[in-house]
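Reading through the structure tokens given below for one structure.
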């Protein structure tokens, strides 16, 4: 049976190690397996490994699944794992490698069905990291170039689908792997088409050209819901949309006194940050801008994820209180500020920025809104003219790829530290040694319960200090023909295995 | 070209009417001969006036974030806003009153179109006149540059430029100027070449009049007619182009939307039944562009029936 | 046998926004077989429109409003278009002024000739080609085979006009209307063209209307002359009569205006004023404002009078004084 | 002729060189692609490695020289995003765009010329006025807006034609084209129509003004004086003259069709060069942008050349021969 | 003897169409292309005395206008010199240069193209005098009135634009424009060719009147022999860039020597010749790009002998006030 899916973004290669990017990772999950799979809630489930456990402080042992066959008939074994972990971080020309997950780990083959992962320090997130690296075949894939994958020559995995054809920009055709070791997919033939323009994607579904689409624009959800021929699936994602504030410059480039003069950066004052958070009407954002399809955020990950604090609630909308705080901080008449935001990255990103601009202007912080394509935005936001983040107040999002709270804590909250690789996306340069210490301790703690507490504690401390201002969690929507049901995933991936017939 | 000139002679020789009107009066009376063009001009003028007085006739300043409330968002036509006024054309996703938004958007769209057209016209005219008058190597170099520019579609040039320059009215205008000046230059050069070879230029030279004066006082006024036509068409084109760029996400900023941005934003709502967000600005754009084109079309007939042929390889 | 052409009371008007342009306003003349008539007049006097009226090529806003044109006894005014088309280029042919413009620039000479033959004769392509080539030879074009394959722009002005003449003569018409065919050419070429046209007319017995503003040219070739002014023929008659003993003050003026050896260094006779605007002609005689013989009677439009072998429209003709 | 070709080639070389300079440095100004390409999980060291891998750590002029060196050997660099040679990617997307542009051009000619002819011959008729009004609309409507309307009407509401994408392709002369399969044709109609709209208007206007001018020419009058019937006058005398501007202008417009397909392709999810370009611009995939522009320049030069040659064939007055004025 | 008002010595004017880079490359690669040179005027000398009217006659393209432009200073000669009152004009500077520029004015053929459509008559006529300080801005109006009256135009029409005038009136405006800078020498390039017969007479008369009133000298270019015969004191006949015959008018018209002159005279239609047989000379004027060798006229000449195709005849005196360039001048002279 044939299934045609309209994707919102286009995979850029068949090579699973080439570009560590959402759409590519989603695609590679069809053809390739990982040692550990993430389920729809990003919980770790056995994949090509049947079990994994730390055998000492520095070694994890993985038992491999016996009897798994590649699409070309060859057998899966420990050699494939070793060579895959060698290839993944080092594909030529790759703009975004898997080194993030493989570094610091040595993979040792013990026997045909056992491998050891060794690290220099205790490493609790071994499972999460390993779950991101696709396994390719030693014989067909490890020495192949990206082009060989795209042409199909090397596109040989153990996954539920087999490669049929790839026309860049147009479509990817896969067929069912009838020898799959796990649950076999319902679909014998799978077409993945990318239709970037939201309305066009919806139109394609309405016209019956595709069976299912990902990334339903929020504006259309209401109408599609009332359409009898369609069925929607929704689920909260691991992505939090938040505001980063300049907390390291005495004079912030985009914060000005009323009338445009220089002032000492008010964002350094925690009362001002709190006021901003209180001025944001999260309900309005969710209801009006997101058309109800989002969840108010009070911390880094939505409920149910590992490392989430049960104590934190979204900050309540309180413009009066906000004004009071501003006055207390010495800004009774507010100041001027620019919010920068991408306009093609997150769901309704520019509109949210505009709404926030409106809300802040109302409590006296006259906020200009500047949106730009992500191509311009990210390099300026991360590294402006002087190698420092250029903006003062930005809207960004963070999806926790590992599915637990250390990911945002380490990248967004921890002090920017190039040598240790911490705070790489800390574009406000928030820095609190106390929080840093808790995060680092969590990252050394292999015990799950203890780690959960440490992560929650770090989150609470950061939110208390208004290191960042979370606004909401994205909710993703898929729409399909009646009779099809998609199991919504927190990682935002669109996977054909998740499409079920009712 | 010479044929055209000969024809001019032939046709003019027959019109031996000695009327006492000035060329301008004659032009005006001929222009208003066409009902469609008169109506179009009337509409266009009304649009311009509305755009100019927008701040005094709109309930909201859609560019002032303090006046725009997301809670007013996506209201259908006729709904009442929180601040009490009626949004006759509804509101967009950010809570902008569309009536106000359209009039303000018109201001931007028109000024982008007119400004870019005007600057491009000035540049193009100077370059074209210079090329035609100087001749020889200078002309060759200039015209190669013009060719280079023309060999790229305006849309592509503008797209690339804005990607490089970033957003903002000034940048859009700059991009549109770069995309358009060559059209003017070519037009001016073509007519200046014809004019330069006319005997009145020789007469002026014979009378010892300086080159600059010959170029600007004698040749230039005679090249204006086709320029005006190209100017109207290009202005309409610039307005459309700005809308298209906005659609592609590289146009005007989100918070000071031009018509194009309004349409592009509303575009997302097309399938959701909230037609007004995109349709009303769309109609405004359409009416503006159509009436400019109608006026330009008729100007073409009145000012110079022959440049419309696009003769030879002209576009 | 009827005259080849009899035109009487012909009025061709252009109805325009600014008024009615009476381009041709009551023209009568006739041409016998083999006769050459010169039609002279200044620019805008209606010569060309007379020619186009005869051949039936008046386009809106112009219209023949009155009068009759009898070609070999057949009435052409009001005749069905198909009939006119049959006559055009077949029995009546026309040659235009500007040889640059009359030939289609993108079609080869042979195409343009053969189509003229095929439009009127059931004739094979080969035969048509041969005939076309022979006709080219007849108008004095050297190496006609080669010229057949040429495009108009590859020919000089004189050559082009010869081709146009050849096309006009292809179907051996009975009447040829030549509308200033030599005005744009040099004297030596003009001589050549007149020479060819004269020869061919004589050979085929065709009648010829030669339209020009150059009296000297008409003097050289015509049997008859008609002088047009503001849409009317003000004087017509035998060539010698009219040129040697003009009756109408306008004719007198025209003849006096021509510079020549006889009046070297002297002031020329000059007609006062300028050629009139046919949209705003004065009442009565349209020449009266430029005429130094005008009297009260000129307020009434003069009828055509026939006297002394000629017809004229004037209340005060010159020859009366001379003769009386 | 040879002068002509040489002149064009010289021009092309110059333009390509200048373009490469502008684009190379221009794109560099926009921003650093790495920050958009890297996974958010990447830390500072990973980012630096990626920069190095893409060769972006070198000073920009060195990058440019490297690029020139490669370009000289036909290597325009590898796409940052796709990791494959930019040239290969563009060539891969080219047939789709060309087939779209061709279809649009054909539509413009097949629809535009007859309509223009009619309205030029009978300018006073109601139908002609309607045609002219339509052509003004065609000029004025923004392409993207029309595109969505077409989808709404023909795909969503009527369900007659598919909304997006390219249909089945078949091989012809070694090229994949969708013009010879039923499914492919049904896919190409809407986007091509969308793209053609402007050009139809243009064809109408060109033809009309050409007809109007030609009809007033002496050679038409002379043709009538020869006693030719109306159809021959129109089809041979008038049409042949009009074809000169129409064909040349339409030929040149083919270039702008290709360029304008950017908009249409993104609406109809048409897998062509335009979409590739706009994505590349949005992702700062500099090798693709540079390669695209260079190929387009080349393509324009070729089109210009072809148009000139056609022009000289159609109009015997223009000769591209080396000798003679 | 005082110097003639104007003298030109061995003046040549060539128009060269140069090859561009592409052309040069193609030529290198063996394409059959080269620069094209038009010898528009080829080694012409003449003198014009004060008060004289010199007629210049020849067929289209023979270089009449080019010569006229050289004289008027619009073109610089490729070779040779132009003297005004004995001074080489190329060597003049400053005030004197302007004086000479203004002293030689030109009247053009086309009464439409020669007037700037966008200027009022007043400005057309008054621009140069104001520009050169011959009058002031405030007195311009009177100045223009005066000149308009001189050329027979109603000064009350001075606010009008050229298109509101008839051809003859326009030509008068052109003449007024030239007269406004008080010239002493007028080059009239086919100045009456585009006018109707009755208007031609008016303008010719005007020229003759002005000549007397302002003591003007004319170079009168025309292809119409009867006009030249009527107005000129001396005549130059040109053929393909060269002067083939020149002399006082009666001489040339009554006793032409050069076969080309004879042919021209024979072809010119005259009122007193009725129903004549035209027996034209054969052929057409050759392309100035590749003029025939020797005597340019030899391919069309009914009397051509062997020498004619080999050697260009020089201008030699035939009689007093009459020179011709023909190998056979003895026979015809």
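So that you can tell them apart, the chains are marked A, B, C, D and E in the order they are listed, and the count of residues begins at 1 in each.
We take it that a residue touches a chain if its C-beta (ideal position, glycine included) is under 8 Å from a C-beta of that chain, and two chains touch if they have at least 3 such contacts.
Everything numeric in this text was worked out from a predicted model, so none of it was measured.
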| item | value |
| --- | --- |
| Steps needed, at fewest, to go from subunit A to subunit E via touching chains | 2 |
| Which of B-E and D-E has more C-beta pairs touching across its chains | B-E |
| Reference subunit E; chain at largest CA-centroid distance | A |
| Centre-to-centre distance between subunit B and subunit A (centres being mean Cα positions), rounded to whole Å | 45 |
| Gap in Å, rounded to a whole number, between the CA centres of subunit D and subunit C | 53 |
| Subunit A and subunit D, separation of their C-alpha mean positions in angstrom | 38 |
| Cα-centroid distance, subunit A relative to subunit C, in whole angstrom | 90 |
| For subunit C, residues that touch 2 or more chains besides their own | 43, 98, 101, 275 |
| Subunit A: positions in contact with at least two other chains | 199, 203, 206, 344, 373, 375-376 |
| Sites on subunit E at which at least two other chains make contact | 20, 166-167 |
| Contact set on subunit E toward subunit D in their complex | 17, 20-23, 25-26, 29, 31-33, 36, 289 |
| For the subunit E and subunit B complex, residues of the former touching the latter | 20, 69, 72-74, 98, 101-102, 104-106, 108-110, 112-119, 127-128, 131-132, 160-161, 163-167, 174, 177-178, 181 |
| Of all residues in subunit E, those that touch subunit C in their complex | 59-60, 166-169, 196-202, 204-205, 208, 223, 225-227, 229-231, 249, 253, 263-264, 266-282, 284-285 |
| List of subunit B residues in touch with subunit A within their complex | 65-66, 68-71, 73-74, 93-95, 163, 166-167, 249-250, 253-255, 267-274 |
| Complex contacts: residues of subunit C adjacent to subunit D | 55, 57, 85-90, 93-94, 96, 98, 101-108, 115-116, 119-120, 151, 153-154, 164, 167 |
